[in-house]
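Next come the structures, one after another.
Shared between the two complexes below is chain A, which has chain B as its partner in the first and chain C in the second.
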Partner chain A sequence: MTARRLGWAPYALLLPSLAFLALFFAVPMVRAFGLAFQDADGNWSLESWRTMFSDTEFREALVTTLLLIVIIIPVQFAIALAMALVVNARLKGAGFWLYIYAIPLGISELAAGIIWFAIFTQQGWLNSILEGLGILDRPFIFLNYQNRGWLIFTVVMAEAWRATSIIMIILVAGLQGIPRDYLEAADVFGATFFQKVRRVILPMLRPSVQVALILRTILAFQAFAVVLALTGRGMTVLASEAYRWYSDYRNPHVAAAYAGFILLLSVLSTLLFLWLLPTREEQFR
Partner chain B sequence: MTANVAAPSSERRRRARRRLLGRVLLYLGAALLALWVLAPIYIITVTAFSPRSVVYDYPKHLIPREVSAETMDFFVNSTGVLPSLWRSVQVALVTLALSTLIGAPAGYALARFAFRGRDTFRLAILSTRAFPIVILSIPLAVTFIEWGIYDTIWSVALMHTALALPFTVLITSSIFVSVPRDLEEAALTLGCTPISAFVRVVLPLALPGLAAASIFTFVLSWNEVFAAVILTLRERTLPALILAAITESPAPFRFAAAWFMAAPSLIFIFLIRRYLLGMWGRVSR
Partner chain C sequence: MNRRNDAVLGTRRISRRDTLRFGFGAAGIAATGGLIAHRSANAAGGGLGGRWAPWPHQGGETIVFLSTQLRPVEEAEKMRNTILADFEGSVDFIPEDTGPFNDRIAAEAEAGEGTIGVIGAQHGDFAALAARGYLADLTDLLQELSDRTFVEDYVQLGKFGGEEQLYIPWMQATYIMVAHREALQYLPEGLDEESLRTSLTYEQLGEWVRNINEAEGQKFGLPAGEDGLLHRFFQGYAYPSFTGGVNTTFKSEAAAQMWQWLKDTWQYANPQSVTYGAMDEPLLSGEVWVAWDHVARLISALRERTDDLIAFPAPRGPQGLGFMPVVAGLAIPKNAPDMEASRALIEYLTRPEVQATTLREVAFFPVIEGELPGDLPPGVQQEVDAVQATTSDPQALPSLLPVGLGEQDGAYNKVFRDTFQAIILDGNDIQQTLEQQAQNLQSVLDAAGASCWAPDPESEGVCQVG
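Our next item is the complex of A and B:
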């Protein structure tokens, strides 16, 4: 009734959002490509891309970014799935567990990076605890700039701590959509807990897993404050390079090239996940 | 699995014992996961509230020997911290106001009207999430320099609004969907205009959800650092100030800063805990 009488109303309600997103989302996006494909005098050129690809830090930043994503995401999914199963198990105080596990959702990359720096630094908490337990007899240098393996490990820990919450919440929302009958049917057939997870829960969770994977990967490509807070300039990722080229070298063109490259990787990974995990929606409705 | 209807009592007892063991393991797992989330928060709290000399002490003590506000005091009174803190609050409030004013009407339109282009708009909003902040910040910095609002709270707030808006639209739409349509139509039948029906019936029912969405937007802005550090130079927000000086600032400063940035999350997530699943469940579908 309302819809027919006020045919223009929905469009009027959408207009402010559309205008704002056009001005502050679409235009900058186009402009980013303009910046990346122009030189300082405004002529079209591939100069910035050449500078980026031949920069000594580029290869390292790319490898580190990809390595971090490949390690972090499976770790996060394992922890998030465990948390989601706990929340969904209807323990006493289910809301309490959900709250605790969701706390890192409101903590920034930067704060998480510093918190884990306090843990991993040479005179830090982890060394205190390991020495106290007699596992180490002197402090171990986790944040050793010579040893990329350990640096990556510390970033993985910090990111697994901070950014798992969002996956957990998407998975819990997905779990609640699984009809109880299915799990009860599995019980009747004597399925063990792990069989239920593998044969019933994970296949049913596929759409949620897909969304969480896409979202987390896109966000992981942008992570840089956590790397900076933990390793200083000891390790670099693509987003750090975009920041460095803009802030330290005052070169928005190369910075935009880095940003464009990150966008390209984000889009590619999204397509990859859509292709790897096709969701047949009708199956679930 | 035994097909006997009357299982021997020893079998039944064994199964009961197994179920109890499963329960115990489940609570143990839940507690371990909670420890994983809470331990770093505990550690940074103890560190931030130790005297400055103790921050450098080694080994650390899990139970603090001395609680003091000295480190916190040092942080808060460091040059630039209080003004940037105030700026962060202003930016977050402007972001919250702008994205609600602009986004909530679109959310309402998506929830209540069937109109041509509805699915296209929804898809366009969803797809904005595939674009990293990195790609928006650099061209926007150039634009804001031209507009003369670079290095002000407005540039950061506009950028944050562009980031938050898609979420606001989707979240508010899911909140308005959950307000029964019948009530609104009853109000219309009883002589309300569409606007007064919205203000008197829909708004009061949607208010808690809208408040939760606002808190979420506030947190997003409060935590955001990449755009903030690119779009400011002197007028830093708190995370931007800390990030820009991260390699030079003393450890106690950083630890107190991390606590200051992370601690509000305990309250924010507590306030919106009931809405988390609804927000993310719907957003991810």
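Our next item is the complex of A and C:
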């Protein structure tokens, strides 16, 4: 079938989704950008951006956001790949593992943060267990703002628990698209398991990895409920600042500037991944 | 900025330093059974008798009651099931975070079609709504409610410096301290349970938590988390007590001493304080033994462990016992679907018996004068005693909630949070930080065009940071 014979039908079918995106995505985005470049009286101005860049919390928020991304994403990828390989190995009960792994996907970000707060807080599960086992004689304060390492560790744990499954699902889909022939050919040549992963599976997975990386990084830029629930005011990320400027400081302009800045970083990181991990088609273009 | 806002900023004249003492003070005394002398004519008849004629209103439709107050689930349930139980109409009580709360009201105002009948919020939450002209004038409603005597200061606050009554006072609260009885053995020389209520100083508080730290670890706590009210500790307690002012003494020598005191004392604070929104849970779990917070955020601890905890006033500093009464009010949006029903709900919530129920159930204090029941639950009674000890203290130095800041309210709080972050958490130089933040504070006051409010002396024009 050619496009000519289809006539206008495909466009009509596209229309509802386009209208939806325009109404609920494009319009608010344009308006948010408008807000970011206006002052309180509605005049065009860079004031909000100046306020944002000179805010005492800005640097801290940016550094923490980037640091979390740099730590969380490789950790999640390693775990997700292992999980995906387990699911894809078609062991007995593989479906069961898929369901187990997918459970955290059904939990909201904030709820996940609260669950992990209950684990790591001073009188929480972890301290109770460690005390019960006689490893500690007094609760250890994990969520101590003076100890950044522990704060980051707790956030990484919570995020890894919460959002690794989404990567796993993308990778499982990718794995299932790899023709058996390639793996069988590798077997014929006597490849070990790790050689197969490195030489066959990972290169074939490249499009899925690219999608998963882009998706996960964008989500990581937006993450804040887990950070807020676990660390309170002990640590801040860009999205927390956007939230605070809107909700606490009642300044939608600076909040919009933060949102715009997050969008900018997301676009940049997406371009970076597209450039670093070109898929086969893009490579030969 | 519309004309309404200019009117608010331009004609604002709040000079009630002298009468302020009667505000929370009067109700605090009333709360323990005393009668108010200076307004005896109205107050004399204002017992808890049911002399209220049924209020005429058109029933049928459910009134949407949007509130930033009583957000915790248990409090909201008490509101729905107990406090509103005797109201004749049907009410949909919707507690909401400040962000969505503002959005919803703004969206309805701009859309021109309202569903919200009554808004319940703190004075500070109303400031921006009042500035944008979303609130109906309730001057005549206040007159109709002349059978009950509202605390005059709160009535004035509800006018936002203009002529129109934009909210009717609903309930009030303040901040106190609560400690575990186990902590009493570490009290510094010369203090005991009794004198704790009448003579605790900031210095002694520091010594006390240091003693506790030596024996038991870091057990002092302040609500420095995301939803915590730490900024009020500075605005209403530490600053006034050490410096006698807030804005005009922001970077003074005395202010530097206050920050030094906190820096010294903070070593004995539980480092998880930065995650505490309310101090009731850390007190209950025992990770904190000595805490300062809003009465409504301590009540569940006092209720649950009445015998293990004691409540007492905040400490005093060189300039007196700074404390801050806070008021919540009830307003009606201009485009409310059923004005009469909304007014009936406000009438109901400000009845003396309903005000008493509110105190008993959720530990917010009445805003009308009159006697209170003696059958308060022990936890609430402890709070009432601590509040009364505060307001009747000869050194009491009441602070107003920020006045005339309008939409700058949040930015104003941010200055104090940022200063805390810089000096206490990040360990920056005190004087340098104060110089820097003083500029931010001044630009907030300039942007709002706000003149000084108590305890700062009145100012000609915009309040000048000192």
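The criterion applied here is as follows: the second predicted complex is superposed on the first by the 256 of 285 C-alpha atoms of A that agree within 3 Å, B and C clash if a C-alpha of one lies under 4 Å from a C-alpha of the other, contacts with A are read in each partner's own complex, and residues count from 1 in each chain.
Operating definition for what follows: a residue touches a chain if its C-beta (ideal position, glycine included) is under 8 Å from a C-beta of that chain, and two chains touch if they have at least 3 such contacts.
Everything numeric in this text was worked out from a predicted model, so none of it was measured.
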Fit or clash - chain C, chain B, common chain A: clash
Considering only touches as defined above, state whether A:D41 meets chain B (first), chain C (second), both or neither. second
Going by the contact rule set out at the top, does A:T56 touch chain B (first), chain C (second), both, or neither? second
Touched partner set for A:A239, first chain B, second chain C, both or neither: first
Kindly classify A:T231 by the partners it touches after superposition: chain B alone (first), chain C alone (second), both, or neither? second
Chain A residues touched - chain C or chain B, whichever exceeds: B
Examine A:F24 and indicate which partner it touches, taking first as chain B and second as chain C; both and neither are also allowed. first
Does chain B (first) or chain C (second) touch A:R138, or do both, or does neither? second
Running through the overlay: 58-66, 148-156 or 166-174 are the candidate stretches of chain B; which one clashes with chain C? 148-156
Take the contacts of chain A with chain B and those with chain C, and give the residues found in both. 117, 121, 123, 139, 228, 232-233, 243, 246-247
In their shared complex, at which residues does chain C touch chain A? 1, 97-99, 102, 128, 217, 224-226, 228, 270-272, 274-277, 285-287, 407, 409-411, 413-414, 417-418, 421-422, 425, 447
In the complex, chain A residues that touch chain B: 1-3, 6-7, 9-11, 13-14, 16-18, 20-21, 24-25, 27-29, 31-32, 34-35, 79, 82-83, 86, 89, 91, 95, 97-112, 114-119, 121, 123-125, 127-129, 131-132, 139, 161, 166, 169-170, 172-174, 176-177, 189-190, 193, 207-208, 211-212, 214-215, 218, 221-222, 224-225, 228-229, 232-233, 239, 242-243, 246-247, 252, 255-256, 258-260, 262-263, 266-267, 270
How about chain B: which of its residues touch chain A in the complex? 1, 22, 26-27, 29-30, 33-34, 36-38, 40-41, 43-44, 47, 56-62, 101-103, 105-106, 108-109, 112-115, 118, 121, 125, 128-143, 158-159, 161-162, 165-166, 169, 185, 188, 194, 219, 222-226, 229-230, 239, 242-244, 246-247, 251, 254-255, 257-258, 261-262, 264-266, 268-270, 273-274, 276-277, 280-281, 284-285
Would you mind writing out the residues of chain A in touch with chain C in their complex? 40-41, 56-57, 117, 121-123, 138-139, 141, 143-147, 228, 230-234, 243, 246-251
